[in-house]
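The two complexes that follow have chain A in common; it is paired with chain B in the first and with chain C in the second.
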Partner chain A sequence: MSRKKMFIVSHAPFWHNGSNIQERCYGMIWAAMPAVALGIVQYGLPAVGVVCLAIATAILAEYLMNRATKRTVTIADGNAALLGLLFAMLIPATTPWWVVVVGTLLTVVIGLHVFGGLGANPFHPVAVSMMMLTVSWPAFMDFDAALVNYELSFKAVFPLTLAKNLGTAAVADFSTLDLLLGRQIGGIGSTFGLGLIAGGIYLIAKRYIRWEICLSFLASLFLTALAFHLTDPVRFAGPMFHLLTGYTLIGAFFLLPESASSPVNPVPMLIYGAAAGVLTMLIRNIGSYHDGVLLAVLLVNLVNPLLDKIRPKALGRMA
Partner chain B sequence: MMKQLQSQSGASVFQYALLPQSPLPAETIGGNGKATLLIEEMFEKRSQVDLTEGDTVQTGQKLAPFKTSDAYVISSVTGKISAIYPYPGDFGSHFTAVDIEVANDEMAAPIEDLEPTLEVLQAYLAEAPGKPPLHLLGDPDRPIHTIVVSGVDTDLLVSTNQYAIRTEIHAIAKGIEVLKAAAAPETVAIAVPRDLIAGFGHTGADVLKAVSPDYPAAHPKLILYHAFGVEVPADKNCEDMGYAFFSAESVAAIGQAYDTGRLPIEKLVTLIDKQCRVKVITARLGTPVGAILKTAGIATGDRDRLILGGPMTGTAIYDEKLVVRADTDAVMVQDAADVNLVSDYSCINCGECVHVCPTRIQVNMLVRFLEAGQYEDGAELYDLLSCVDCGLCSYVCVARIPIYQYIRLAKYEMARVSAVAEASDES
Partner chain C sequence: MTSEKDLKLILSVAVILFLVGVLCFAAFPIESPQIPNRIQYRSATGHALFEHLEHNTGYDVECLECHHHYAEDREDEEQLACGACHPQEPGKATDPEVCSECHDEEYYEDTEMEARTPAVHSQCIECHAGIGAGPLECAECHMM
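After this line comes the complex of A and B, so read on.
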């Protein structure tokens, strides 16, 4: 009964600011909710199905990988759920179930766990799996074909496809307000501009993402699009259009600033975001893909370690 | 409550607290009939030492029992030696512990005539409260041109030196006089909290420097960098640059010794209770921590954490029997509910540590090398040795990696390896 009083001995510091991975992942899930909610309102039960299937598959995949690699089971920290959710946000609501399952498995297994799990992924896992799907089954990633049976109150054509094929005049009737309110087709959670911006501001305020990356990306995308537009206003749509269509906003707030695959020093963060913005616009306006955000994310992820070598001099480092 | 405040306000606003305008006099706390003195020398066999159980010692008596070493301790009590045994410290250090049963009648050891010379200082005051780094003085290979009397405490909540500089200014002035006579430094500077900058004109110091209240500005390397404009190279110490840092308390102890002719035996200790309330008390060197906490009315329970030092850089101890030593500036008790533990996540590269590091180390990269045991690469590529041991990186770590522990271990291992290498070079 009277066990000797025991003290807990550990290394300093004995205070912690209370942050943890779980809070961070669930915070990001909450931040994504407005955009997902609008997707569900627009596309109904199929969207719910895709989101739930993706999250469930991601959690199961994480559990199996944890067991296979003999590590602590980390499904409760919310990271797997977050990846599943982000994947679902990028795909059309009518995506067949097996594509959802394969895509989510690619995200968690190939995108994350083969590199060593959370924190060790050199690329954003969702960008990896989405590009694999885009290359392997382009038909399922085509929003126009996927959403052809929907009766929507707005123009049911993917804006970026329209702009690419027919030029500025074809997208003239997409007003900025329409785009902000999500009156465009696209992935389940990637079209609601206002919702994504609100989520992004929340993430920046909570310091879950680094604002330098988001803002430099958006600013450079805007400026590059503007430059294209000024050069040939008929062929290239304006900067506001590019800012609010495709994966621009979800990329800016949920894909690019993913911590493991992005830099941490001020100057590298600005270069990283700006490079992604320029690349996105080059791919959209000159390349063969309609949207360039995912490829741009992968490309800047690739140079992240090099960029982060640009760093301030530590105290006492001589020469 | 304090902890919650801090977790919400974030690390960048961490500030050293000031004691009230006129701090209450320090309450004196005694042991409960037992004291343990620690001598900085490994105890291997009984024949090494001149002391035995049953010997009597007097207050202020110098105990230098080793035939082969000058290591000593000043007895803080009068009584009978009850045990002598080896005592392992942390990071591979070794001590000889001397337990003393305190007698009822106190006897003061005969007073020596203290001359203000370096030899006398080193022979009697190296173990004085505050632990003056007297071994740094008088080394011709590494001359000290500036003595910095530090009236600031490096860790948060710890107020020992701030208390000393506010209440023992006359003793400090005397101490500075003695140090000037004994070591003849070119300059004696005094470093004080920025908000207390007035009122230090009569200390005899040549220069007065203000230290910012932002943690960890009171670390010696950062004081040199910000207040003196001296950047210490990562692989060097302040003393390599000619600066010796003396805590205000240690200088006061020197002054007190020369003023009174007695060797000081009472240590100022900041007590930090579970609600992070701070109280400065004095206790004799060698008093068990448990006795101090009991007298001060601070209860400890199972699974609490008991810390010598402050919340960011202190050392957690396992037993209330451990004692106050010359460099024990604070005793902190943390409630079991507030104890935070580390996780086995790897770094997620969130960048908080890089953002918070006062010496601009790329902690996110460094910790990857340290986890893999690649200490030399860590030092060469990612500035391991620039670290000033403030602990902020661990404080903000989202993945709860014990970064500061990795850093301490890495530095210790590197020092050990280079010591072995040097030894084999010489032989």
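After this line comes the complex of A and C, so read on.
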């Protein structure tokens, strides 16, 4: 049987918008560029080193895994480069080279290829590797510790650490405009609110990601943060603060809507995003981690197959 | 499916990025400034982030107010870190070369130097209490 005929399925109506994995991956890379650019401006050449090393390691790891598993070489589809870039965006600019290499290998090998490659991964590969690194080497993932040597023009304390330990008054210095402009410490590409929002709008407009997931996540995070804030305004910071700090925006536009680990129907998408938002705020406000986005991503990835069972009713009647 | 031409192109890009990455790590390492900006004291009871430069330049705290018992002719950049004299664990010996810079051996051979944690605690708390500013409670510095 020829390879082409293997994928002939039932009758129309079907249509294809012309996009493919390659276009989607490179589109996401372009969308991430504004946020990465600000990280490079803030942290300089060490950030360039982390980004370049992560992307290169991801591509080479994907190539070696393709060869080792005797599968089609897929490095040109851009998925490996995208994973390397996303991993680099989440980590501090001062991350040692070996942590960058180990983290990228965990992303590509453990997060992706162990499960069968692109499309078969049940969890977002970057969220998997980031949590493994956070558990294994917490000091390298601690932004306050990692960036002590940088002299920055804004308060160089991770905002979510301040909010968790000292409450709302301690983060009063972080205005919404400051957070939108990336005047906060964090990962290389996870702090520039405006850049991430612009990238997210581009991705939604190009239909590379589904708005249902992003908006339900952001809306539920906002409402949950608001509920906490109204309950105890001194202890829990406000919703705008939580919307623009930590991994919220990169999670909304680059992690949660990953195609293999997110639902395919609109209603499950809304539940998936909303659940991630609630979980993020529960972890941030009453859990032990400062930022709950990565754990929330992994937890909703876990329930994704169950959510996908919520389907529209089939037309017609069962025989 | 990757064509031979695309494969070569992507592998070339990967190798170039790898070399740029290695170059950045090798040629532009993150160097600690001579006067630290911030110091994080890591502890099981929560890490404390000390705004070192902010105390020095922002609050006008003279070097010798904290780097006490030290030669006044020493430049600002040459001050020793707390841990150079105060050992990290109680009872552990400090570097004799550091001690002998100022003292005769008989002076310090039977002395048990205060460990770094209580030394830093008393330094911070006494100063903050004295001037009526800055954190005094544990949880105001130690963040989990």
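The definition used in the following text is that the second predicted complex is superposed on the first by the 299 of 319 C-alpha atoms of A that agree within 3 Å, B and C clash if a C-alpha of one lies under 4 Å from a C-alpha of the other, contacts with A are read in each partner's own complex, and residues count from 1 in each chain.
By our rule, a residue touches a chain if its C-beta (ideal position, glycine included) is under 8 Å from a C-beta of that chain, and two chains touch if they have at least 3 such contacts.
None of these values were measured; they are calculated from a predicted model.
Undergrad: So, does A:Pro312 touch the first partner chain B, the second partner chain C, both, or neither?
TA: Once the two structures are laid over each other on A, A:Pro312 reaches chain B alone.
Undergrad: Look at A:Gly49 in the shared chain and tell me whether it touches chain B only, chain C only, both, or neither; answer first, second, both or neither.
TA: After superposing on A, A:Gly49 lies in contact with chain C but is clear of chain B.
Undergrad: A:Ser10 in the overlay: touching chain B, chain C, both, or neither? Say first, second, both or neither.
TA: Once the two structures are laid over each other on A, A:Ser10 reaches chain B alone.
Undergrad: Just to be sure I read the superposition right, which of the two partners does A:Thr72 touch: chain B = first, chain C = second, or both, or neither?
TA: Touch status of A:Thr72: both partners.
Undergrad: Given the touch rule stated above, what does A:Gly117 touch, chain B (first), chain C (second), both, or neither?
TA: Touch status of A:Gly117: first partner only.
Undergrad: Based on the superposed arrangement, let me know which partner A:Val234 touches: chain B (first), chain C (second), both, or neither?
TA: So A:Val234 meets neither chain B nor chain C here.
Undergrad: Considering only the touch criterion stated at the top, classify A:Gly18 as touching first (chain B), second (chain C), both, or neither.
TA: In the superposition, A:Gly18 contacts chain B only.
Undergrad: Between chain B and chain C, which residues of chain A are contacted by each of them?
TA: Residues common to the chain A contacts of chain C and of chain B are 72, 74, listed in rising order.
Undergrad: What residues on chain A touch chain B, complex-wise?
TA: 3, 5-21, 24, 72, 74, 116-120, 207, 210, 259-262, 264-265, 308, 311-318
Undergrad: Would you mind writing out the residues of chain A in touch with chain C in their complex?
TA: 44-46, 48-57, 59-60, 63, 72-77, 81, 94, 97, 100, 139, 142, 144-145, 148-151, 156-157, 161-162, 164-166, 288
Undergrad: Quick check: in the complex, which residue numbers of chain B touch chain A?
TA: Residues in contact with chain A: 3, 6-7, 10-11, 221-222, 225, 231-236, 300-307, 309, 311-320, 332, 334, 336, 339-352, 354-355, 358-362, 364-365, 383, 385-386, 388, 391-392, 394-400, 402, 404-405, 408.
Undergrad: State the interface residues of chain C toward chain A in the complex, per the touch definition above.
TA: Counting only chain C, the residues touching chain A are 1-3, 6-7, 9-11, 13-18, 20-25, 27-33, 36-40, 42, 46-47, 49, 53, 139-140, 143-144.
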